[in-house]
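Both complexes below contain chain A, partnered by chain B and then by chain C.
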Partner chain A sequence: MKQYKTHSNRIFSLVVNLVMLFSLFACLTPFLYMLSLSFSSPRAIINNEVFLFPKEFNIESYRQIFTYPNFFHAYGNTLFYTIVGTAISLCLMVLFAYPLSKNKLKGQKMIMKLVIFSMFFTGGLIPNYLLVSSLHLVNTRWAMLIPFAINQFNLILLINFFKTIPLDLEEAAIIDGLDYFGILRKVILPLSGAALATVGLYTAVFFWNDWFNGLIYLKSSQFPVMLFLRNIVTGTSMVGDAAGAGDKSTIAISIKSAVIITSTLPIIVLYPFLQRYFVKGILIGAVKG
Partner chain B sequence: MKHGKPDGVALSNRTYFARYYQLYLMMVLPLLYFLVFKYVPMFGNILAFRRYRPGMGPWGTEWVGLQYFKRFWSDPAFWRAFRNTLVLSLLNLIVNFPIPILFAILVNEVRNLAFKKVVQTISYMPRFISTVVVIAILGELLSPSSGIFNILRQKIFGSEAIYFMNDSKYFRMIYVLVDTWQYTGWTAIIYLAAISGISADLYEAATIDGANKTQQIFYITIPSIMPTIMVMLILNVGRLLSLGFEKVLLMYTPDNSMVSDIIDTLVYRTGLANQNYSYATAIGLFSGIIGIILVAGRNTMSKRLTGDGIY
Partner chain C sequence: MKKTLLVSLLVLMTVALSLSGAGVQETKSDGPVAFSLYYSDNATLPFKQDWLTVTEVQKRVNADVEFEIIPIADYQTKVSLALNTGTNAPDVILYQSTKGENAALALNGALVPISDYAEWTPNFNARVKEFGLEEDVDALNLKDGKRYYLPSLFDVPFYDGGLILREDLLKKYNLAEPKTFDDLYNVLKVFKQHSPDSYPLTILAGPRVLYRMTMPSWGISLGKNGASGSNTLSWDYDAKNYFAGAISEEYKSYITFFHKLYAEGLLDPEMAEPIDGDKWSQKLATGKSMASYAYYDQIGGVTANSSIPGFKLQMYPALSGPKGAHHQPKSKTGSGIMFPYKTSKRPDFEKLVRTVDEMFFSSENAKLWCLGVEGVTYTNKDGNVVFVDEILNSSEGIYKSLQVKYGCGSDVTQMVWINAREMTKYDANYARINAEVEAIGDVIQAIPPTPKFDDRQAEDAGTLQTPLSDAFERWNSAFLTGNKDIKGDWDAYVKEMKNLGIEKFTDLYNANL
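Right after this comes the complex of A and B.
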């Protein structure tokens, strides 16, 4: 269909493209600015000469954070929480979602009601804290992993996906002598790659970005990298040791930026390749309403 | 009788269980987990009616009735937090509800498909960046001594540097704009999906009738996605009071606490920082109950409007 090139339509498409360019600029600039700060010299930063491109390019701040043992440690902790947390979470959610995807299973409706109710009314901060502490999980890494293993939104997403798998496949598998555990492993899971990737990514992002639970449950050697970053920002954790004798506040800016970049890098780098899975999730969720 | 399909009607309990016990077996661990981590804390809320003594268990020691509720009811700090929560939520709704709709409509009008794809992909990304990183970047951008924003203001207008992150005047605006930055692209996905469902015939007919682009938006696009807009509005009203607690906590400074202390941060401070567990639980329970009333209200509203509850 040919667009009519009227005057008003031309202005319209100009406005549209300007708005889009502005959105791109707004989304990207903060990262570019951090990137250029992290590669700039403290002298250029203190003289306010750094904008969207690094000034007096150097990698000193990265060299420094990599000599800083707490940073490495926190980064390793985050990797651990993300990998183990996502694995536990996926196992529990798959085992829960598959039976719950069967509408006619006795008790299914009641359990679904429990799941949905818990999305709207939660225990709240203090009862959750007291539960975790009375289970003796405080100051253990489990406190980061266990309380968040099942997310109701992701669970419902999986249930909805499992419901779309044709029952014929399952019936054929039963005739072939498979039990339900076998069906789940050999029929359902191989067909659920996209849904598992979607839910797995949401979960991984959750664990990667989590810091508050680290703050209330963990001791400092167990801190994830986001909590480490937050402590640098609020000044409760020292980067000064690594910064040496120079102007601490300015050196800290390039170091802070380097920590921001390194701790966000996995998401930024992997994001373009994985974004279709992220989007899939919101659309499956939206169908549900 | 079909295999593999829980049917139940013609089966006795024993054969039913013999056939499907594995499905129940599968659920045992997750269900147990679910009850412990989602429902035990829910009942843990009775702490709001009981006195907590350290080391004497999480359920408190004796009943004190509504004592803690009466206490926060007459506590100005609570009402300040309540007002701040309400104002910030409403402001956020007013600004950040229409923006994604507008953004989706405009994205949909981009003719160059490659450009459209790039804009979409990049606009979703902020949603996946940690709040800590977002606030840390914001701190750098707005820093009074070295932030690019203040430098530009000085260079162009010659104005004094402002410590935005610490100034209660700017807290609400910054909070809302950060939400715009983080969630506009992501929320727009839903509207874009709705727009892509509109029949191309409508636009063709309108073009033949001489409608320009702006008229097409007002007479075709917006009316067609109205049901989606209504559902999203109802959803948003239902979670009106659930602000981004972590974000507020990260932006909280003693200097902006006049406006940045919301119910959740108050609960966090009185509960975890000062260990007034029962008092904090009472405040948390109160806001939880308001939350569930809002959800119930939203469901009734949705049933009335669309003939269908959201849950």
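Right after this comes the complex of A and C.
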């Protein structure tokens, strides 16, 4: 153990630590800045006095956004889309990926080609809208959940992961009398925690951040909170494009910051819980191409 | 740990489900007219279902309106999608005009030509006649001679923004109120002398705000927000035709003046980047800039937050340039109400149009959208509007307070604007400036007429417009900052614009008036 503590190694780890500290600082600063803006008074912000710590501490901006009509409603919507959307998505993707991970499946190559094709080429906005509309999904919550349930990239990640599970295990299970669903449920899934956590997190973040599909498919009472956030943050910075009202209205930066904090915090809090799987998961899916 | 996570997820899900609730169901009784409507929501004025104006107007006209609240940043996308696909379109769309894409959609049958149903909109017709806006409204007809929306109507346009200066500094340095652009130059020069590291004149949003507010004093209006929307042409108010403003002597003289300001450090170089409201307030409040082109509404916010003793901003009437004192041209009609084609298939279409007409254009309801309900938000004393104490004494001012608490004065729902009535909502200073501007006469000119293109001509105009506009923006910044010499490079610039077809573009506009 001792030989590691040589002079050059110490310098090396010092440099590594410094670099890490620096990148930590670079990542955290914007967030901290946002946080301190959200707790500062508008006067201090306009006079450019706020840096890393709140000045003239107050929670006025939070009080104000909590009184915005529909803020909590939109928040509830987003939670719903994230949780239900992720659940549906995981179910469908597992059911799709497992058979595709078997080379003996007839037409497997053809199906894979279709999957990859649709990954690179999409129909475009209006055909998509017409499709969703003719399925009678518009103005229903399903429009947020069903069309995006299967993401090709995540699907391929899962397929590759399933391929890494030794076939011998499955053969043993068949001998013990399990059918394919039994194998999936009792053998494959318990071994796939890392992959499912990774894909689940990707999917959850997608549903959490998605505002555009909400905008085009849903009624305003069903809008997710990201659309609300977008309205507050960008709705007023498009000044001048529509000569008139837009130019004249500004929203206090403290309120913008408070909204950003409230709507990004939950998904950020989720990371530490899943990070363990997350890092491992990416590697696992990637090794066997 | 796992269990608590699971439990909390379940709890969250239940909460989410219960919060989400069920959508509004349309009532199918014979009573009120039920219809859905797109509303463009601005975060500074978040829509509330229980605004006094919204509930009261539905009661008055016996309507049951399902408001679809769409964020302003994405409003156009949503409207465009609804009209393009025709499915799931609402019955009524607010805050729209038939400029741009909507014109093509209208001509292809996506919208109801509401001018064909004039007898169903008696209130609208009455307001148009009252304000003498027949010509202005006719100018909104498309190529086929039909009008596809009910525009909002203004009797006299407001002077709601312009030159804003530190009045306390004018007094301190013993300067007279500027009347011409040369006066402004001298004032800025003095400001700069007293604080050499400042840039006295800054701009809200971007150069386009400066351009659209000052160019008319030179007889031109160019760039991204130019009055004609052509970006490079301007309207000759005497000859009543378009000319190639971007290569005119007027523009040359204009850009020479502002290049002088820039070169001497009087004009904020950061204005090339968009300056948003926060940064703009910061510059003024900390004394890094002392003058600006911006809107009156914003003075209050800056003053309240500045820690400079005696800080006072004042707005001044339009300054005189070579072609007189003019401000950004304004239309007496604004964005308004349109009906998707689908709506005309409703059996109660006539009743719906009549209801919408009464809801927004009848004199009583126009007053409601402006002032609120008599006895609740204001009282009438000897013919004068007096607001109730709660509104009079509110810290955010009468106008803002009426907007946020009652939904009055939102430019989405207020369709009838009477200048004198609006002034009751502002302080005496604002009303005084507006009166001064009105006394100068013809400060705010009308928006030049839009040429009536058919699809093909519109395509031609579009193909010419984009490269011309890009070239103009490029040269304009180069002239302003001195990267190109106005005297030395002018001929090369004119040659490039001519090669790009600015003359053909002008002819195309003039041939279709």
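FYI, the second predicted complex is superposed on the first by the 225 of 289 C-alpha atoms of A that agree within 3 Å, B and C clash if a C-alpha of one lies under 4 Å from a C-alpha of the other, contacts with A are read in each partner's own complex, and residues count from 1 in each chain.
To be clear about the criterion, a residue touches a chain if its C-beta (ideal position, glycine included) is under 8 Å from a C-beta of that chain, and two chains touch if they have at least 3 such contacts.
Please read all numbers here as calculations on a predicted model, not as lab measurements.
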| item | value |
| --- | --- |
| Contacts of A:I83 with chain B and chain C, given as first, second, both or neither | second |
| Touching partner for A:L114 - first (chain B), second (chain C), both, neither | first |
| Touching partner for A:Y129 - first (chain B), second (chain C), both, neither | both |
| Contacts of A:V269 with chain B and chain C, given as first, second, both or neither | neither |
| Partner chain(s) touched by A:V138 [first = chain B, second = chain C, both, neither] | second |
| Partner chain in contact with A:Y180 - chain B first, chain C second, else both or neither | first |
| Touched partner set for A:R230, first chain B, second chain C, both or neither | both |
| Which of chain B and chain C A:I46 touches, first, second, both or neither | both |
| Which superposed partner A:E170 touches (first chain B, second chain C, both, neither) | first |
| Greater chain A contact set [chain C / chain B] | B |
| Chain B and chain C contact sites that coincide on chain A, given as residue numbers | 45-46, 48, 125-126, 129-130, 133-134, 216, 227, 230, 249-250, 253 |
| Residue numbers on chain A that touch chain B, as the complex places them | 1, 3-4, 6, 8-9, 12-13, 16-17, 19-20, 23-24, 26-28, 30-31, 33-34, 37, 45-46, 48, 50-51, 92-93, 95-96, 98-100, 102, 104-107, 111, 114-116, 118, 120-131, 133-134, 146-147, 149-150, 167, 170-171, 173-175, 179-181, 183-184, 205, 208-209, 211-212, 216, 226-227, 229-230, 233, 249-250, 253, 256-257, 260, 263-264, 267-268, 271-272, 275, 278-279, 282-283, 286, 289 |
| Residues on chain C engaged by chain A in the complex (per definition of touch) | 5, 9, 12-13, 15-21, 23-24, 41-49, 67-74, 77-78, 81, 84-85, 87-88, 160-161, 204-206, 208-209, 212, 225, 274, 276-278, 281-282, 285-286, 295, 297-298, 301-302, 304-307, 328, 334, 411 |
| Interface residues, chain B side, partner chain A - complex | 2-8, 16, 20, 22-24, 26-27, 29-31, 33-34, 36-45, 47, 57-58, 103, 106-107, 109-111, 115, 118-119, 121-126, 128-133, 135-141, 145-146, 148, 151, 181, 184-186, 189-190, 193, 200, 203-204, 207, 212-214, 231, 246, 249-250, 264, 267-268, 271-272, 277, 280-281, 284-285, 288, 291-292, 295, 308, 310-311 |
| Complex interface listing, chain A residues touching chain C | 42-43, 45-48, 68-70, 72-73, 75-77, 79-80, 83-84, 125-126, 129-130, 133-134, 138-139, 141, 215-216, 219-222, 227-228, 230-232, 234-240, 243-253, 273 |
